[in-house]
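Scrolling down, you'll hit the structures one after another.
Presented sequentially are two complexes of chain A, the first with chain B as partner and the second with chain C.
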Partner chain A sequence: MAERVNVLGAAVFVFGLGLWELLVRTGLLTFTYLPPPSEVAVGLGELLGNGELGTALGHTLFAALTGWAVAGLVGVAAGSVLGLVRPVWTYSMASLEALRALPIVAFVPVAVLLFGFSVQTEIMVAFYAALWPILLNTINGMRTEGRLVETGRVLKLSRAAVLWKIQLPAATATIVVGLRLGLSTSLVLTLVAEMVGNPAGLGFLLVTKGQALQPGQMFAAVFVIGVTGIILNGLVMGAARLAFRGQLASAGEA
Partner chain B sequence: MRGTPVRGLIPLVVLLVLWEVLGDPASPYFPPPSTWVDGVSPLVESDRLLPAIGDTSLTFVLGLFIATVLGSLVGTLVGASRPVDRALSPSLEFLRALPAASLVPVAALVLGYTAQMKLVVVVLPAMWPILLTCRSARRSLSPVLLDTPRTLGLSGWDRMTKVLTPALLPAVLLGVRVAAPLALIITLLVEIVTRVNGLGAALGAAQSSFLSAQVYGLLTIAGVLGFVVNWVVTRAETAVSRRMRGTT
Partner chain C sequence: MISCDDLSVTLPGANGPVNILSGVHLRVAKGEFVSVLGTSGSGKTTLLRVLGGLQSATGGRITCDGVDIAGPPDGVVTVFQDYAHSLLPWRTVRRNVALGIEKLDKTERDSRVDEALAMVGLSERDGEYPWRLSGGMQQRVQIARALAMRPRVLLMDEPFGALDAMTKASLQDQLQQVAELTGTTVVFVTHDVEEAVYLSDRLVVLSGSPANIGLSLDVPLPRPRDQIATKERADYLELRHEVYAALGHKVGERASG
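Presenting the complex of A and B:
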């Protein structure tokens, strides 16, 4: 559904920025390191100009997307097995539930310990962060709708055909949700890994700009991270819509 | 998920036992489970573990509480009126897109390395699930439910406490259930990145001094905390929504 341009919403957004600028300029908001939006824009220009931003963004995207892609393969494959083969589920789901209770960020120090200050740390963290939503959503997606499977059996479809023609399409919408959630968590955790582990990428850029007391550039980096998240989410949604139009529509996702 | 068979714990137990039997106690990467206790005991002896857990829990509880209040207020407001929704949603969507991790250095620079900074960073991301469920619940409220008390001449206060709050409470609690694990994760995240008090700070410190057994020990404690939080919140939510279903 094409949405009309939300003029009112855009106006409020711009008004908010203006108010922020005004409050900082007139000294009504007195935080030492809170830059007005104009300074953030200047900071963005500086980061773009000296190429720092492009390098950092490329590095972060590479780590986050690599981890996410591997998690997608592993998560969908393992999730399908867990969702479809009942004994496997019975004899391992509780272990997964127990492991899932461990807060993901708490694994960042472990990853730094194991892989050092390297890009592997980032990729491992991104992988682990994305794996959970993808795995659990695939399991749930595959377990639903016993009636559909029975229909397939009545129609004398082979086991493979039931999997390919019924169970996988039925699970698609749920899996796509898992992939989207996984992408945003892997981006967040990659940033954390860069802040405390590997000195590279947007996370490290943020920390260094903070330590160098350059709030303009730091807020600009935050802005870029936010926009990146929105764009990535949009891309995944767009790709999913193109690839699985029917399935998503039937699940009310499109 | 409810009704997961306990038998499913077998692989995890087997893994831990194998790790214990085959692991090298001196390994800098994979110290076996029995060494974890020794790893954490210096923290217990120097009386740092309990304050750290207390700090993390306090930030978590306060942060979740503020997020619940803010989230349900803004959610109700935005859900009640389409124009307000349209006016605020682009700004809210943009704020929501900012990953919690990127807020940490910003908050640390602007507010300093303080407990307030931790709270701000926890509240912002934890607010969203509550805001969103509350918004859609308010939107789908039947107009009859809102008009009836007005016809009966109830005051604004009575309408709010007797009609609106009970009607929206299940949605708020559902939001809280989603927000609670998130709030705990963000609390640990802030602590790991800024090293301001708490379990996360202890984890970060253990990692940078290569105390691997302590890292695994603290990870386990964080896991238990996560498990407790999940259990309490899920229980509370099911209990309340069961009662609510009886009244509507």
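Presenting the complex of A and C:
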């Protein structure tokens, strides 16, 4: 399962950075506050050195991951019930469709109003953002192919065993997709909540550095946010592959 | 062993309820290999699903060893045609075969799985995922999974219908051996006349709408049967003709067998 390093892709990336540096240095690009990559690196060093970055990153990760984890528990549990029990689905469908059509960003000021400028606001927003993809994917995943459930009956499995040995594992790959989507949206929405609500974390760092006219540090924060997203997704994928090797392999995800 | 009296089944359809089976009488003795033939849509699968307890009858009485069938009975296992959708893709071959016997202790379970895999010739592939295997092998996994339950009755719904001719022939012979070795009763649904005559002790033809049993025919060909020798026998050919006639074919309609 060793992933080969994409040398060509990496080369294009490095070339892009070089070009950016060149264009800024030669004055071909003349935005006042567009730093070259070297300046961004310096900004990153400053943020790391004075501890601002560590604190902000820790805060954002705590809020996003807490919201996401709770959404994972609630989403998988509620999604299972909705997917497995027809009447529950029938009664809830209209409300679910209406709520999920509401852009999650619109929920941020509401959360600020309800929970104030606090980390709870961020957690609530992260929770709500992650809940939808996890819930909907779980519902979908739990609609097990009829023949598989029938196989369980033919082999005299109890209802609980069909759920545990057939339906849940059959849904795993889809649920993992939901968890990954949920993680990235909860990170995004946590940042938004920090920009317009709770003054803390990476989102707030980004805004203050912009307002303080420190583009090097601001771009460094953007860079860190991007890398954080990639690493988190990689961690979830790695953990899922360890825990559910067969399920993901059969879904072509391993 | 299995008997149904005056069985009828009505299923909901797009234009109201459809009467699929009506007045079906069928008795299958212990250790007997009975094929159910019929054109597609004739209700063969419905009959098998009723016998397997996967579908309830609208009328009549179906019993297995004298007990009314309501839900899949103990000792009766159905094998489906669509092996790809019947195996759990996240489980290895070994763990798929063990699916129905996981309540047993590990030693017993392992020995049953080994035995079932050996019977279908898959002992070497037990660590693979089913989707890495050919269609014929996947169907053998499903059969092994049924055999691991040590069933008294195997209900098979066109199990070889999706396989190529050579794989089909080799699986037919394997099934024949296993059924003889274990003394398992088999009810085998197929639309392949040659297959039905070759494998069965007796075959029944479903016909009409709603369907009932139009022809019941003993197949007294000697066992063990052989793909070449048996199929060259005059009595094999005669039986084959008789079945084709019952299915509505006229002699000479087909260019060759």
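Keep in mind that, in the parts below, the second predicted complex is superposed on the first by the 252 of 254 C-alpha atoms of A that agree within 3 Å, B and C clash if a C-alpha of one lies under 4 Å from a C-alpha of the other, contacts with A are read in each partner's own complex, and residues count from 1 in each chain.
Following the convention adopted for this analysis, a contact is a pair of C-beta atoms (placed from the backbone, for glycine too) under 8 Å apart; a residue touches a chain by one contact, two chains touch by 3 or more.
Computed from a prediction, not measured in an experiment: that's the story for all the values here.
Partner contacting the larger number of chain A residues, of chain B and chain C: B. Residue contacts after overlaying the shared chain place A:L47 against neither chain B nor chain C. Once the two complexes are overlaid on the shared chain, A:A126 sits clear of chain B and of chain C alike. Contacts of A:A56 after superposition on the shared chain: neither chain B nor chain C is touched. In the superposed pair of complexes, A:G9 makes contact with chain B only, with no contact to chain C.
By the touch criterion stated above, A:A98 is placed in contact with chain B alone, chain C being left untouched. By the touch criterion defined above, A:L181 reaches neither chain B nor chain C. In the superposed model, A:V76 makes contact with neither chain B nor chain C. According to the touch criterion, chain A has no shared surface contacted by chain B in one complex and chain C in the other.
Looking at the complex, you find that chain C touches chain A at residues 52, 54, 71-72, 74, 77-78, 80, 82, 85-86, 88-92, 99-100, 102, 129, 131, 145, 149.
Within the complex formed with chain B, the chain A residues making contact are 6, 8-13, 16, 31-34, 89-99, 101-110, 112-114, 184, 187-189, 191-192, 195-196, 202-203, 206-207, 209-210, 213, 215, 218-219, 221-222, 225-227, 229-230, 233. Across the complex, chain B meets chain A through its residues 1, 4-12, 15, 28-29, 83, 86-91, 93-94, 97-106, 108-111, 181, 184-185, 188-189, 192-193, 200, 203-204, 206-207, 210, 212, 215-216, 218-220, 222-227, 230.
Those residues of chain A that touch chain C in the complex are listed here as 145, 147-148, 150-151, 153-157, 165-166, 169-170, 172, 244, 246-247, 249-251.
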